[in-house]
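Report on the structure given below.
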Amino acid sequence: MKSLTKHLTFNIPARMDFVNITGQVEDLVRESGIQEGLCLVNAMHITASVFINDDEPGLHQDYKRWLEKLAPFDPGTDLYAHNRTGEDNGDAHHKRQIMGREVVVAITNGRLDFGPWEQIFYGEFDGRRPKRVMVKIIGE
Amino acid sequence: MKSLTKHLTFNIPARMDFVNITGQVEDLVRESGIQEGLCLVNAMHITASVFINDDEPGLHQDYKRWLEKLAPFDPGTDLYAHNRTGEDNGDAHHKRQIMGREVVVAITNGRLDFGPWEQIFYGEFDGRRPKRVMVKIIGE
Amino acid sequence: MKSLTKHLTFNIPARMDFVNITGQVEDLVRESGIQEGLCLVNAMHITASVFINDDEPGLHQDYKRWLEKLAPFDPGTDLYAHNRTGEDNGDAHHKRQIMGREVVVAITNGRLDFGPWEQIFYGEFDGRRPKRVMVKIIGE
């Protein structure tokens, strides 16, 4: 069994945004030399997500509005008891649960085995500081 | 390390519906000959889900109503900017995020290592055309 | 390839609660002797979750309130057709979909490869009876 472990770092200038990281993950799959296996990609921070969907700006705008409705940003301590810790990111911990922490992608013939529109995104919900994503690939 | 890669195709006559695919996945686990490992099952389309829950028609009816409330079907472009692309499936991209893209299931003694009621479902949110599910099994 | 399979049992006295199980999973990673690999942790019951977030009581209180708003407990059969089966846990099947069934965590140098605040939780949504969590570790 072979494995590869990498941590990517992102510093997103907005509080909430989505970045297509498919190319970076594909490069790591190539670097691993693994032909058949699994690729785990996960946010290492609990106010961020890694998810797979469409690279379409209108959809991303929709996601932002929808997440803001489901778990609105509110720095006070009434809506989010979490903010009593001195944080203002209670909303981000909720948005991340909707969008998920991780994806696991099949590797077949040395490549990410994707459907036609699948792209991997880093989802940031409390940005403006460096945060990490883990890529772990195992296989042969 | 052994591996097996298969793509299943589904053509669901309704816009939204759930199909129990546990038997098909179990058959592939048997075909792989893998005794100990992991089985990834994921939708290859970004308006569909693979998830694990109960095979109970009332629950599936509840899920449909709940998802319709959280992300209602609306072919216009006010609620979903995504529909400006000419698509009418903005809602489906949202429903899929709630229900998830994938499941990873343990294989123990050559079988899916399931709790008493766990069943794997393909969740379709923009049906009436052929769409694929990936099954990737690795182990020994 | 090496593997380890364990089932943990939890009997949560409340209907809904979250328990930090990181230490138990870490012990199993050590027991497995696996240095590089993947660790799957999943609920084996369909009214429970395994998820990764912060071990902060205010946040957990927020999650409970939020989940109760998204999928309120209601033992009747109007809101949840699932309750026509004689169950009263329709809400729990919905809460579990928001929080997810499973996490997959990288193992690097014999340890869970975690970000600074990542902790693994068992999320119970229909407690007061014994329920199981699966831990499956594969690697070398």
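Observations
As written, the chains take the letters A, B and C, and residue 1 is the first residue of each chain.
Note that in this section a contact is a pair of C-beta atoms (placed from the backbone, for glycine too) under 8 Å apart; a residue touches a chain by one contact, two chains touch by 3 or more.
This one's a predicted model, so the numbers in the text were calculated from it and none came from an experiment.
Rounded to a multiple of 5, the C-alpha superposition of chain A onto chain C involves a rotation of 120 degrees. Where chain B touches chain C, under half of the residue numbers in use are shared by the two copies, so each contributes mostly different positions. Chain B and chain C have Cα centroids lying 20 Å from one another. Shown for chain B are the residues that touch two or more other chains, namely 1, 38, 70, 98, 100, 104, 138. Interface residues of chain C facing chain B in the complex, by the touch rule stated above, are 1, 3, 5, 38, 40, 42-46, 70-71, 79-85, 90, 93-94, 96-98, 100-102, 104, 132, 134, 136, 138. Per the touch definition, chain A reaches chain B in the complex via residues 1, 36-38, 51-54, 56, 58-59, 61-63, 66, 70, 98-100, 103-106, 108, 113-118, 138-140.
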